[in-house]
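One chain, subunit A, appears in both complexes that follow, with subunit B as partner in the first and subunit C in the second.
On to the complex of A and B.
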């Protein structure tokens, strides 16, 4: 069933016979569709499988669902992009996808399971060895377990086992929305507060049939782009730090702070918490603030240009970035990779363009690359510049009007899909209401959910000492994936 | 009274060497627009570490405990041979440059054995890299010293550097310049500095030297850090002695020499501030360059008539 992004639809109408469901899914995916969500929700005594497929080039979304009671047919062997979705379905609902190559646990949230305790790949042979890293790391980062199957410095495969950060946050949305829901959304991934917050607001507004005023939309865009700039700048600095290139590392660290402070100037929080609410935003800009933001943006961008230019001008840095951690386009497409990582591999997917809404109506930007660390770094720099251009334009011509609209009761028995291009990539929130107009199911797909597999692929046949710089070029979220 | 000067020189080395990493860090901080840690940070760290109780894993044996002590002992001995400001030390003898190379090898061997004793994958990786790079840096260093012996006609280090005066530079500048560059490259690699290694990283997978010290704690870690600063002084003082103009006065030479050592540290800091680290598989190429420089120096020197 074709649906529209950010508008509610009758959930019952997506139902189809289970045979037709799998046939349709297979044919749509082989026609170039990309699964943005695939999950099971309880329906009476059995479960309902729901799949949302996006055709990015046409900006088209389709949703199908079917009732299943028994093990169902796994589509992973034909469509690798579903491998994690099916493992998630198996783990959450107990429904077994028949024919899935390896139903490894992904969050260890079933009774009796212990995070990290599972079967792993094994290598055999003379002088091959495994290096295990984590879940406790040397830096102050989130927990995750990485296993490298190596021969000397050469990596055959990297196996990534996560799940340590599972909080059960999706379940907390059920029965809502209530006063806490927006705050749960803002902390789905701490550095993507605006991205996830907006996706949540979009879903709720669609279900309530509310259109936020233009001024609120632009303010949201402003905050989202500030978030993107801050994170991209920080990551470029961290990339420089990982190859021991000090100047860019130090300056970008400070500039990230400057950009976060701009967010704090608008809403009082460096990560943009409490800025958004269903129906609009909580904070407005006055003339004074607009002027101050413009000034800070110009200063920060000028410094960033100087600091980042050093990266591209220094031979020893380029030598480290080029050809390292290549993710080929076929792999990126096959695994459904999103965000700057996908664009750096030549996949033309940007939610702001493909599923544009609100302030992004005329958004155009196309970038491409060869899929190595250099491309991922350079794409981020291009995106910083584009974001600055957008923010400048919005600050110059801020629409007048109110900053919020009344957001009332949600439509019963409906569903809505909300897509936002967070700085890591496409965020998908899928909300379903019950007969009482309360949330019956809430599904979050963070870009990291897709992209961790890309990191594993990028490391293949690479060097183990290149892992840190490769990892930073993706900079994925642990808690966003573990939820 | 003749013994007073060598002893005081030796004590100066023991006391001053932890200053060098402090200088490097301040230079790096300056280029990064930061204030940086205090110049004397390593002294504070050493004081702190020597007051701590070490923690030992149950899987380790006496080899693990002996490693840091053996390592620092080898370096303390090596520095007793090394000349200071072109003045002889109290342990000099003919052919002592070979003795120094073996002492460095012994220190490396002790560190690597201690690292392997932990059974950790990181330490094993670090040891493997350390040994791999040593295969390239030792010949470069050895050939360099051999060329120096050939130029000066002496086979003891104090003899070589005492004979190295302005006149020698005038006569054999290209050879000596090649050697200085070669020694500097070896210094960077042997002391785990950028571009061979990154002393600041917390990422175990990219470490070389640091990876071998991950499991050491307390005084043992103190020995390792102190040993590292002695090693930096050792390689630095070879460069310092090469470039030192001899004025004739002991006090003046000593002052100049210490100043030159600080300049070497500033040089290391500069290199670390302006370039990224090499890809790990390319580090041997850098060391092969050093080897080529040393070999060229030796070949050039063979072509010149021997002095005297």
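On to the complex of A and C.
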């Protein structure tokens, strides 16, 4: 069933006979569709499988669902992009996808499961050895367990086992929205508060049939782009640090803070907390703030240009970036990779263009790359410049008017899909209401849910010493994936 | 090389004085709450986290507060948020702001203070949070805050640490790892709970997926906020080891 992004639809109309469901899913994925969500929700005594497929080039979304009571047909062998979705369905609902190559736990939240304890991929051979890292890592960073199968420095395979950050957020949306819902959204991944917050607001507004005023939309865009610039700048600095190039590491560390402080200027919080609410935003800009933001933007961008240019001009940096951690385009497409990581491998997906809405109506940007650390770094720099251009334009011509619209009751027995291009890539929130107009189910797909596998692929046939720089080039979210 | 030096000149010296003579925090920043009236029923009703109690023991518990500002919006005559970023306390009870002056954390005493005052290494354990607190700890290592100038460092191994700094609500899946990390730090050692999650669960308060800091891991310092401003964390750490008061 074709649906519109950010519009509610009759959830019951997505129902199909289960045979047709799997045939449709397979044929649509073969035709170039990308699964943005695939999950099970309780439906009476059984469960309902729901799949949302995007056709990015046409900006088209389709949703299919079917009732299942017993093991169902795994599509992962033909469509690897579903591998983690099916593992998640199995873990959350107990429904077994028959034929899935390896149904390991992903969040270790079922009775009796012990975090990190599972079957691991193992390479056997003389002098082949295993290196295990985590969950507590060397840096100030979220927890996760990494296992390398190596021969000396050479990495055959890296397996990433997460779930340590699972805190049970998703199911707390159910029965809402309430006073805590927006905070759950803002902390799905704390460095993506605006991205996830906006995705949540978009879903709720669609279900309430509300359009936020133009000024609110632009202010959201402003905050989203500041979030993107701050994180990309920080990561370029961290990449420099990981190849021991300290000038850019130091400069960018400071510049990231300057960008976060711009967000704090708008809403009081460096991560953009408290900025968003369904219907609009909580904070407006006056002439003075606009002037201050413009001034800070130009100063920060000038310094960022200076700091980042050093990366491209320094042979020892380029030598470590180029050809390291290659994710080829076929793998990126096959695994449904999103965001700057996908774009750096030549996949032309950007939610701001493919599913443009609000302030992004005229958004154009095309970036490409060869899938190595260099490409992922360079794409970030191009995106920083593009974000700055957008912010400049918005600050010069802020639409007049209100910053919020009344967001009332949600439409019962409906659903809505909300997509936002967060700084790591496409965020998908899928909300379903019950007969009472309360949320009956809420599914969050963070870009990292797709992209952790890309990091594993990028490490294949690399060296252990490439790991930090590869890892930072993706900089994925543990909490966004673990929920 | 020459380009790096020229860039350094352009970027300038960026380390801020600390504690600053006057702090230029954004006008909309929410810092230390101030209770303007003991009549807190309206504010309490607006808080989604039960951080405000009315009645004879009226007060705002910064340990549970995520600084969303809903209370001040609902009852501007009862609660306001100042721009004071210095929020730490040595006990959960010390985080409750009432209508009199808020008392900040006191320094460690005696031997502990002597040992840690000039060299203090912390192992950060991220346990189930949103990466907000982690980001604001990380930023202390940048040139702007320059944590190292105070003799304080985040260290890679608990074996090299004088204590642990815990962020997140301690997801059940991280409880064992937290215990092992704590056990690996040699005594005497200190524990810092950083952020609303570590103190009382934060946005995840009441989730069965979260265990909280186990009772047998004694906490020496509580730094509230969601996430705390980097200055709040820096202020807390330096107060604990007696570098500022």
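Going forward, the second predicted complex is superposed on the first by the 483 of 483 C-alpha atoms of A that agree within 3 Å, B and C clash if a C-alpha of one lies under 4 Å from a C-alpha of the other, contacts with A are read in each partner's own complex, and residues count from 1 in each chain.
Note that in this section contacts are C-beta pairs under 8 Å (C-beta built on N, C-alpha and C of every residue); 3 or more make two chains touch, one makes a residue touch a chain.
These numbers were taken from a predicted model, which means no experiment stands behind them.
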Touching partner for A:119 - first (subunit B), second (subunit C), both, neither: neither
Contacts of A:58 with subunit B and subunit C, given as first, second, both or neither: neither
Partner contacting more residues of subunit A (subunit B vs subunit C): C
Partner chain(s) touched by A:400 [first = subunit B, second = subunit C, both, neither]: neither
Which of subunit B and subunit C A:136 touches, first, second, both or neither: second
First (subunit B), second (subunit C), both or neither touched by A:286: neither
Touching partner for A:463 - first (subunit B), second (subunit C), both, neither: first
First, second, both or neither for A:251, with subunit B first and subunit C second: both
Subunit B versus subunit C as contact partner of A:316, first or second or both or neither: first
On subunit A, positions contacted by subunit B and by subunit C: 138-139, 247, 250-251, 254, 314
Residue ranges of subunit C in contact with subunit A within the complex: 3-4, 7-8, 10-11, 14, 25-30, 48-49, 66-70, 123-139, 141-144, 154, 156-158, 168-169, 171, 173-174, 176-177, 181, 202-204, 207-210, 226-227, 229
In the complex, subunit A residues that touch subunit C: 107-109, 115, 135-136, 138-143, 163-169, 172, 178-180, 183-184, 187-191, 193, 247, 250-251, 253-254, 256-257, 261, 264-271, 273-274, 283, 303, 306-307, 310, 313-314, 477-479, 482
Residue numbers on subunit B that touch subunit A, as the complex places them: 28, 31-34, 121-122, 124-125, 128, 194-195, 198, 200-206, 272-282
In the complex with subunit B, residue positions of subunit A that touch it: 129-133, 138-139, 152-153, 240, 242-247, 249-251, 254, 314, 316-317, 319-320, 324, 463-468
